[in-house]
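Below, chain A partners chain B and then partners chain C, in two separate complexes.
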Partner chain A sequence: MNEILACLVRAIELIVTLNPEVLGVTSLTLTISIFTTFLGALINLPLGGLIYFRSFRGKGLFIHLIRTLYSIPTVVVGLLIFLLISRSGPLGFLGLMFTPGGMILGQTVLVTPILMSLTISALEGVSRQVRETAISLGANEYQAIMTVVKEARQAILAAVLLGFGRAISEVGVAMMIGGNIRGYTRVLTTAIALNTSMGDIELSLALGIILISLSLIVNLLLGLLLVGIKGQGGIMGPKVR
Partner chain B sequence: MVQGLGKDYDGSEVLKDVSLSVDRGEVLGLVGPTGAGKTTLLRLINLLERPTAGSITFGGLKLTECSDAEKVAIRRRMAMVFQKPVMFSYSVYYNVSYGLKIRGIKDKCEVEAVLKEVGLGSYAHREATTLSGGEAQRVALARAIITKPELLLLDEPTANLDPKMAKIIGDLILRQADGGAAVILATHDMGLCLRLSDRTVVLVNGRLLATGRAEEVLGL
Partner chain C sequence: MFSVCVNIRNAMEKIISMKGALILLLALIAVSSASWAEDGSRLKLATTTSLYDTKLLDTMDQKFRDECGVRVDSVSGGTGIAIQYGERGDVDLIIIHDKARELKFINDGQGLQRRCFAYNYFYIVSPKDDPAGVVGLNATQAFAKIREEGLKNPDKVKFVSRGDKSGTHTKEQSLWKGAGFNYSSINNSANRWYLEAGTGMGATLVMANEKSAYTLTDMSTFMAYKGNLSLVPLIQGGNDLLNVYVAIAVNPDKHPGVSYTLANKFINFLVSDEGQALIANFGREKYGQPLFFAARGNCTKIGCSEGECTLLTNVSCSDANSATAA
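Up next, the complex of A and B:
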């Protein structure tokens, strides 16, 4: 018990004294996770919308398939991306292997099923009457679609947060594609795995505390944002005069 | 004007050979039991559904033959209030000004005045989804009339209102007609129909049974 407590004290010391290694790993983790979430949202929110609003053959099956991919193991995604971007792979010429760019690509693939299917679910959660009401009030198709999207804003934002959570806590892709190179592709999760195996429990614990704190901060920020959205039109909605 | 209108859902006939017309400044009462096809008829006129037979003409245009862009333009000359209106999850102000916004009208000074007309003058900043059924119905009516529609389609507009408020809303509907709008009022409320409608049509099992003055067709 005393040993755990001593580790915890040392971990807090590392955070408070702004240990350069801790700072570097945290900063890279945040950068990669934010870029992943942004890129994932940029691609998958419109795609999810397109799938929801358009009718096509096999749509139901396609949505089931995306939902099945929710639980795809990260190492499988890592392996697929590895095959794609390794030197002999079809995208090998991009030189993304063992780079933060490669990690962002891999993690974007990983968060794709979550973002896409939760966007579809968010839109499915909006009453069909919302669209009809918009149309009956004179909205054209685009305006009616945007009205439905705005009604789903809270659920869509929650989906984005979940995507961020998946990206920041991911190990498999980060390890296989990034290679866990110190100061270049080492992120919180891979650093924790490595330092634990090397017996540096204090550093692992410090990084673990940061990882949990980051998730907590993002959750709190989202909570505040959702309150803002509900109360005054928020980031996506028009403000009340 | 509606001519020989019919609508099937999976082979089940909801409307058959319905013909009627309404002029500007006129209130046409549409009465009939539940399931008679009143709501379907309003939805067809509002172009929310396609008829399986017949035609709808509005302002000289045959709506059943219009392109999607033309349908939007025509719908902007109408407004419909649903029996159970849905509120957008923003403020009452946002809901009432919605029709203006999508038409690109920036001047929204009429919102407050219209809200006052429906007895909700102090509700502009309230969250619309927290309103009671009656309040939501009044916001839905305000949302519809603010665009000054030529044709107003009302589906049970006083269903959730107390008699006093129903009278206020009735007066408001009459003012719309006096202002030149054609109004089709689907209702179970015979008293309301008697008070507001210039003509009344009775719809039973999707068929038009009678047309005439409310006192005549309702046998009152």
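Up next, the complex of A and C:
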């Protein structure tokens, strides 16, 4: 118990003294995760919508397949991306191996199944009547879709947050593609792995505490963002008119 | 009071609008994208864990960066994965310690020249009470004894292996062979006394410490971790425990993207007077003894040719700088 307390103290110390190395690692972690989440959402929210609103053969099977990919190990994604972007691989000419760009690519692939399939689930959660009512009230196809999306926004935000959580907390892709290069591709998770292997448990846990705090801040901010979009259901509760 | 609340909320809405978020993200992209593409003045290096975990490479990197203005990006792993990265052209330079695989790497046309820059020795470390009673034996005798006692009493006598195809793992395998055992008869799930860690040297030492087990370690990592361990170095020195660190530039003919010039500059720095002095003194203050020995002057003793220890005449950092200036 004392050890855990000591780690907490160390974490606070690292933050308040603005330790430059920890600061660098933290800001890179945040940048990569936010970027990954943004890119993932940009690709997968429309794709998920497309899959939900269109019907095609094998749709059910396809959705099951995406859900199966939830459990793909991060190191396996790391390996696949490694083969792809390694200089001897088909995308080797991009020079993405051991760069933050490569990490973003890998993590975007990693969060894709979650974002896509949770978007579909979110839309499925909206009652069919909403869309039908909108159409009966004279909405065109686009307006009807937007009505459904609006209704599902909370669940979609939850999907995005889960994607962010997966990106910020994963080690496999970050280690394999980034290479844990100090001051360049070292993120919180790989720093934790390294310091643990070097026996500095206290620093590792302190970094873990920083990671969780980051996640909390992002969660709160996105909650506020939701308030901003529609004025309902953010962390501050229903809007007062 | 109530309306103030509403006003604050409305103001917040404006600030945290979608547009704001988008602009923020675009700014983020602009700021960070500069460092995201690979740029020419970074040397990529794959290294064995010992040089990394002891922070020797850190020290060398910083000196090299000050002098040559080149950033060194080190990726740390065992000799096995370092060679993989080299063979795929993902790094410019590899630092490994396994002669057979070094020669194969070069013979396959993957690497250019073997350059020896440092050496030290492997230790066989054991729990304080030496449960197998190997003190005073040589390395291969000790291995045989550990196996014998381990088979008899696997709860008391254990051996932790790196098991990760690193240079240390290769050395361990050759020691088993030298002791007269086929490695597949050792690395066998029926052998409860033999634990395969599958991880770096530091983590393996920590595991051996927890399990009160024997393990084979390079001297430098052991020294650097000693403070947290209750293991003792029972068997040290001896030619069969020699550990030579070698740098090899990746062949640019095979992998057009790699920077052969940067790699050679760094290798030259390692074998230069300054680099050799840094190596010979590294850790002296902190650990009371150096963690590595400089290769210079001991070349033949450690199985390298004189040419493998000397500077390449046409690529030093200052030369390159004056060349660009002229």
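To be clear about the criterion, the second predicted complex is superposed on the first by the 209 of 241 C-alpha atoms of A that agree within 3 Å, B and C clash if a C-alpha of one lies under 4 Å from a C-alpha of the other, contacts with A are read in each partner's own complex, and residues count from 1 in each chain.
Simple rule for what comes next: a residue touches a chain if its C-beta (ideal position, glycine included) is under 8 Å from a C-beta of that chain, and two chains touch if they have at least 3 such contacts.
Not measured: the values here are computed from a predicted model.
Participant: Is A:Leu65 in contact with chain B, with chain C, with both, or with neither (first, second, both, neither)?
Facilitator: Neither partner.
Participant: Scan A:Gln129 for contacts with chain B and chain C and give back first, second, both or neither.
Facilitator: Only chain B; A:Gln129 stays clear of chain C.
Participant: Quick check on the superposed pair: does A:Ile212 touch chain B, chain C, both, or neither? Answer first, second, both or neither.
Facilitator: The answer is neither, since A:Ile212 touches no partner chain.
Participant: A:Ala139 in the overlay: touching chain B, chain C, both, or neither? Say first, second, both or neither.
Facilitator: So A:Ala139 only meets chain B here.
Participant: Identify the partner contact of A:Arg182: answer first if only chain B is touched, second if only chain C is, both if each is, neither if none is.
Facilitator: Only chain C is touched by A:Arg182; chain B is not.
Participant: Looking at chain A, does chain C or chain B touch more of its residues?
Facilitator: Of chain B and chain C, the partner in contact with more residues of chain A is C.
Participant: Who does A:Thr147 touch here: chain B (first), chain C (second), both, or neither?
Facilitator: first
Participant: Where on chain A do the contacts with chain B and the contacts with chain C coincide?
Facilitator: 231, 240
Participant: Help me check something: in the complex, which residues belonging to chain C touch chain A?
Facilitator: Per the touch definition, chain C meets chain A at residues 2, 5-6, 9, 12-13, 15-18, 21, 25, 28-29, 32, 35-38, 42, 44, 53, 58, 71, 73-76, 87-91, 199-200, 202-203, 206, 225, 228, 255, 257-258.
Participant: For chain A, which residues are in contact with chain B within the complex?
Facilitator: That would be residues 127, 129-130, 132-141, 143, 147, 150-151, 230-231, 233, 237-238, 240-241 of chain A.
Participant: Flag every residue of chain B that touches chain A in the complex, lowest number first.
Facilitator: Going by the criterion above, the answer is residues 46, 48, 68-69, 72, 75-76, 78-80, 82, 84-86, 88-91, 93-94, 98-99, 101-103, 108, 124-125, 127, 143-144, 147.
Participant: What does chain A use to touch chain C in their complex?
Facilitator: 31, 34-35, 38, 86-89, 92-93, 95-101, 104, 179-182, 184-185, 196-199, 221, 224-225, 227-229, 231, 236, 239-240
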